[in-house]
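Report on the structure given below.
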Amino acid sequence: MPSDSLCFEANHLSRAFGHGRRRRLAVNDATFTIREREIVSLVGQSGCGKTVLAKMLLRLEKPTSGQLLFRGRPIDAAADPREHWRQVQAVFQDPYAAFNQFFSIRSQLKAAFHLFPQRPSEREMEERVDQALLAVNIRPPDIEGKYPFELSGGQMQRMLLARIFILRPQVLIADEPTSMVDACSRAGILEYLMKLKEELQMTIVFVTHDIGLAYYVSDRIFILHEGQIVEQGTPDAVTQSPTSPVTRQLLDDIPSLHREWIGRAPRA
Amino acid sequence: MTPILEVDRLSLHYRTRFGGRIHAVDDVSFTLQKGEILGIAGESGCGKTTLVSGLMGLLIPPLHRTTGAVRIAGRDILGLTPDEARRTVLGREVSMIPQGALNSLNPTRKVKDLAADVIRSHDERADRSAIHDRLRERFTKIGLDADAVLDAYPVQLPAGTKQRVVIGISTLLNPKIVIADEPSSALDVSTQKAVIRLLFDLLDEGIVSSMIFITHELSLLRHVSSRIAVMYAGQIVELGTTEQVIFDGRQPYTRALMGSMLSAEPGQKARKPVAIEGAPPYLGQELHGCRFAPRCPVAKPDCAGRDQVLREVKNHWVRCHHAE
Amino acid sequence: MVGIAAVFQKKNLGKPWQPGAQPSTVEESPRPRLLIPSFARTVFLLVVVLGFTACGPKQTTSDEFPRHETVLIGVAWGEPTSFNPILQNPSWPALQNTTALYQTFFFFNQLTGELEPQLATSYQEFPDRIEVELNPAATWNDGKPLTARDVVFTYNRLFRIVPGFPAWQYLDSVQMLDPESPRPRRLSFRLRAEKPNPLMVLHWLTLNYVLPEHVWEPLLVAAGNDYNILSKNKMDVDPVGSGPYRMHSYSAEKIVLVRDDNYWGNAALYGGQRPAPRFLVAPLYKSNDHYSMALQQGRIDASNTFIPRIWLKARKGVRAWYDEPPYFPPGCRPTAFINVLHPPLDDVHLRRAMAFAINYDDIRELAVSGYSVPHEPGFILPFGPEARYFSKEDALKYGTYFDPARARAELKEGGYTSVFKDNELVELRDRTGKRVPTLYIQCPTGWSDWESIIRIMVRGMRAVGIDAREQFVDSNAYYKALAVGDFDLILTTPSGIPSPAEPWSRFNGVLDTKDWAPLGERMYANMGRFNRPGAPGYVPRIDELLAKIPVTTQPEERVALYRELNRICMQLQPALPLVYRPKSFYEFSTKVWTGFPSAASPTVSPNIPGEGPGIQILWKLRPADAAK
Amino acid sequence: MFANHPTLRYIAGRAGWYALTFFVAVAINFWLPRLGDANPVDTLMSKVSGSLDAKSARDKEESYLKEFGLVDLDEQGRIVRDADGVPVRTSILSQFIRYVGMSVRGDFGSSIVQYPRPVADIITTALPWTLALQIPALILGWFIGNSLGALAAYRRGVFDRVLYPMALLVSAIPSFCFGILLVYVFGIQLEWLPTLGGYDDGMNPGLTWAFVQSASQYYVLPFFSIFLLVVGGQAIGMRSMCIYELGTDYVRYAKLLGVRESMIVRYMFRNAMLPQLTGLALTLGGMVGGALIAEMIFSYPGLGLSMLTAIQSLDYPVITGCTLLVTICVLIANFTVDILIGFLDPRIRAAREGGH
């Protein structure tokens, strides 16, 4: 359950790119809070600013104006961003890009322990890698000696999640983690995300263009459009009684199994 | 009515460096009628992309035909030399809309030059201004600002426009059949919708006669195709009308695919999507028995030992001896 | 096989290219026509054509310098900079010890130790001066007579403004003895009273050029007597000298001299003969190997560069002075200077132990291609003109030959103990039990023969228990370390060119204490800081001997003094003489010219043409074809 | 002034960066060799000092220091001394300021080792040889290597199976070994071609037919020693670039649309060539290093050895002059390629013109 204490708190947060006439606000005056152990989805079309916002939460981008607090302190309070990254981790769209092609997967999972100030013993590392693999439903022998290119996108995305299991961050930023994954593996990825949240008591920020996905996983949904948060609320509220035309459009654009979508019956 | 495309017991394999064979497409048969959109659904590694190569008559080593034929208007296109195939089939008879529009356009050539290359490749005498007029007309028709887009380099275009450009170039020569390989999977939902609309328009205009639409999103096929073929491990495991396959799937794999779908509709949240565990079998070895059996939630002991054939069950074709 | 399955999974995912995961589908496309871009085709043809023109028949007809009239010598290094003879280091042939263009009073024959006439016919030594008589026939090659006035001008005017001109250390002034004569030819070189040293004055008389007053006086005036301005003058356009050749031309690749058929010496010194070759050319190659190769190919006729394993080149017609070891006459003494201000190197026992520990035969055979004769202790060459000062008896009695047992005995006597572990030396302790710091032996890195010498020294020393190590440093750092005394042991060669002052100048290079400087400041002789006057253990006799030897007129006395000095050196071991080396190499090829002197017919001092006395060879050469 | 002209603004922008790089490089070139403890006068002195007593040596050394501008001088041109009479060394900063002032006037000073030869003279006699050898070898090698590499990638088969290992072999041999091999085979064993020097010893340089013929004979081996290496290296690079290009989605797409092979070859060649252009710029930068090897092996005239000896003997003015030249060459080559790529590669052009 989400707690009452705040994980992120943003006040009039903005991020601009370019100068002069080309100045463009990628994030425009966003004010929001994310509570501990909450799953919040950032939903919008491409270019709506959701990824920039996620990067600010990860301390990869600096806001041009406004204030972003992480657990009550400015996000850049510590000089060393690694402080932040120990607590806040991310998974991205392309799992292959997150792994080095030339090292075995297992060794790279083990390398995750480097982020800890104190590395556990060799045996403990092996055990924890095995546990993490099992948590994403992969039998450790199945990836023994394998390299990233030998696995499918779905499997690799699960490796990313396994890494999260090892690192045990308190906050996870998931940026379109399913967009390169088959539909049939997607459900699995979502399932493991939920499991992560349950087991590790994590706060998750989920970035997607698919409001359907958001609907399944989130406690709350933020709808972004042209840098602004145009609507936020529970999944049911957002999907069933959307207030913003942007939300309505997004809902309308999803091909659903049961609802008319494109208004044209395919010719037989 | 004779089908526009007829795939007859087609099997294709790759030769590996060590003399082995990978049977990427195994015993695939279907037909495509004029005006029809056939959906092909399946997960990664099911042989969709190999099948596309076969449908285009483009068997580039190490891909080879094992048996079967692909006939367009009665002519087996797999028997053609590569140059014949290039001149007579590719782009004209069969064309293709690739998955990643982002990477499918040569970044160092302007859109108009890329498009002109396609036209000139099939008509060496086409003169410059005729080509240009033709391009302008076609690009305007597909809803693009023709002058601006034609004069741009691919990098200068946003993703949605680029996908439209790719569709425009792919259909320049009014191909009979267009194979769309996940044309919208990299796009956001709104752009995806627009792209699908465009494809429908092309069919309605008669620019394209028929279409094969490949995707793993069954929810999308529900609105796009008239018939659906579900592929698994190189084989078609179910073939029927969209309604039949989606709402009355007989093959356990089809049903599992449906079970993994999620939907943002009210009341659906309670229904938990279920992922299909495990991975498709490796095709580089002799396979016996039902190929889905190891992952099948309803597998019976006899499944593993029994080779499956595609048989008709209640007006649609299913490859499962338990299906009724 | 698993990998290939994964490949297809990947492929269907539509992933971009992945290393190692690429099936060769697209690579093996159907055969297209051969498509060489046209520019590349053109370029390729061009290269082929170029290759063919260049491979055409070698032609020699239009040579400016016909081979049969030209002697080519490997004597010069580096691109020509300036031919101004008052520079410290001008280009050949204005370089010191070259006598083709400018001349000196005498040639020094390093085999006999005699001075042979050049510009001067004779000299006479006096306690305070040396009198020299010029050849009355001498003229400049512009036809003007060469007289004692030119000499006086050269020394008293020109050399006065050269900063640090070395002859002034020993020379006070030069005077004409017959100034009233229409063609004065008698000169008196007055020695400096506080440093009387006729040997060094004779040394300079074999090296310092005489320059024409009528050419240089105007230049000197124009430069306002300023050396820096005068030295900017390159003197490269047909400079006026008195030698048998004149400047012809030069480029970055070679320097060409042409015979002066009006050379005064042809009649006065060579019985009316003129030198055989019309041109004397010094090609400038970029490494020793190239001179060696050119010599073997007959492209050059003689060279003074180092050629390893000369005996292998004999079948290519390349020969040295001797046909067997040492191939070249020994002329100098590479020495390890010992810094006696670095304790315990002030201890004679340690120094002598070192001298006993070195395997001199190994050095001769392994490090210097065998171009040396067997080692004798001390600084006197047991060879050539110096042999008369050498005493085998002293050497056996006081000297240090390779003898590890005696090395150990010396260490023991000095109270040292060596700690070995598994036959490896761990450390050396002095008599108080304190560890002696590792002693480093320095030389510039890349000087491979010296590096080998040091390795052999280190091996020997460690074997007897002296903790020594190699130290190879950048050559610039080496020169600095040598001068300021920043070393334990360092390799160098005291004194430079064949000279009538040997072996005095060699001893002086090791022992000179007159220009004492503390560590950190520069010394240019005795860099080991041995025998500082007033220091404990100072041996005044050494300074006395150094002062006395040059002024002795009695040959027997000189022998005795040298013998005594060498004996002291053998006993006190101020430095470690290591091996004998030629002063300069002497190799020639008989492909085009014959008549080169060698040990079998030592008609001229072993110097190649274009180097000091070697110029005389040019009168003895004959075309090889004519000999057949 | 350039605000509305993206291309000019782009060029001006690049030029600005290059100018900045140039000044930084000049400063580093000047400073680095002078940082060590040793200085060239020590080296000169130890070579001449054997026969000098302390006073003459000091005189000599001070005259060197004065001549090479390493000590401060008063108004009358006398050496400024401290209380102990030791000459006051000029600080590197004031040396640098003087050097910049002189360079601006085109005066690079005199060599120390080859005193009194002006640095400009050393460079101008050597440079034509270096350029005449290197530029054609590099440029021709680049063109031919790229063409062969593209062909190998495209045609595959026997052609590739022969060419690729050969190219690998050639580029794997260290360049000096390769040169020595050429000397041994063609110069010593077969005696087809001369191997020492730039032209026959029997002549002087001049614009005569005999000289040109002689020079071209002497040119062949050094040329090929560089040319073949460049061909090998470039062919390997181009081959893998082309194989990569052939595997890209856009080549596959073009094939699926039935685009003619010749057009696909053009796509491949052009796109693969762009990164190779950068390689060309870098190769041109390495010219002096290559020159040194050719000169050491073939005694070929040129700049390399001057530079090597200068470095070995800390001949500051020559080092600084040569590195200045090298810097200028590298920067000009890179600048040209930068601008060229900016025009050839629409991805960069698009970024410049503002994209979408």
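Letters A, B, C and D name the chains as they come in the text, with residue numbers starting at 1 for each one.
We take it that contacts are C-beta pairs under 8 Å (C-beta built on N, C-alpha and C of every residue); 3 or more make two chains touch, one makes a residue touch a chain.
These numbers come from a predicted model, not from an experiment.
Participant: Determine which two chains are connected by the greatest number of contacting C-beta pairs.
Facilitator: C-D
Participant: Measuring from CA centroids, which chain ends up nearest the centre of the complete protein set?
Facilitator: Smallest centre-to-centre distance to the global C-alpha mean: chain D.
Participant: What whole-number Å value describes the gap between the mean CA coordinates of chain B and chain C?
Facilitator: 84
Participant: Could you put a whole-Å number on the gap between the CA centroids of chain A and chain D?
Facilitator: That pair's centroid distance is 50 Å.
Participant: Can you compute the centre-to-centre distance for chain B and chain D, using the mean CA position of each chain? Integer Å is fine.
Facilitator: The computed centroid separation for chain B versus chain D comes out at 54 Å.
Participant: Quick check: how many Å separate the C-alpha centres of chain A and chain B?
Facilitator: Chain A and chain B have C-alpha centres separated by 31 Å.
Participant: Pull out every residue in chain C that's touching 2 or more other chains.
Facilitator: In chain C, the residues touching two or more other chains are 2, 9, 13-14, 16, 26, 28-30.
Participant: At least two other chains touched by the same residue of chain D: list those residues.
Facilitator: As it turns out, chain D has residues touching two or more other chains at 248-249, 251-252, 255.
Participant: Can you list the chain B residues in contact with two or more other chains?
Facilitator: 44-45, 100, 103, 158, 279
Participant: Along chain D, where are the residues that touch chain B in the complex?
Facilitator: 248-260, 263, 267, 270-271, 274, 344-347, 349-351, 355-356
Participant: What residues on chain C touch chain D, complex-wise?
Facilitator: My answer: residues 14, 16-17, 22, 26-37, 39-40, 43-44, 46-47, 50-51, 53-56, 58-60, 62-67, 70, 72, 78-79, 81-82, 84, 87-89, 163-166, 168-169, 227-228, 231-232, 234, 249, 251-254, 256, 281, 283, 285-287, 290, 293-294, 297, 299-300, 474-477, 479-480, 482-483, 494-496, 505, 509, 514-515, 517, 522-525.
Participant: Contact residues on chain B for chain A in the complex?
Facilitator: Listed in rising order, the residues are 35-37, 43-45, 158-159, 185-193, 196-197, 200, 203, 216-220, 222-226, 241-242, 246, 256-257, 259-266, 269, 273-277, 279.
Participant: Would you pull the chain D residues touching chain C in the complex into a rising list?
Facilitator: It comes out as residues 36-40, 42-63, 66-67, 111, 113-117, 122, 125-126, 140, 143-144, 146-147, 151, 153-157, 188, 192-205, 208, 210, 213-214, 216-217, 219-220, 223, 227, 243-244, 246-249, 251-252, 255, 261-262, 265, 269, 295-296, 299-301, 305-306, 309, 312-314.
Participant: Can you check the complex and tell me which residues of chain B touch chain D?
Facilitator: Touching chain D from chain B are residues 56, 58, 85-87, 89-92, 95-96, 98, 100, 103-110, 114, 117-118, 120-122, 153, 155-158, 166, 169-170.
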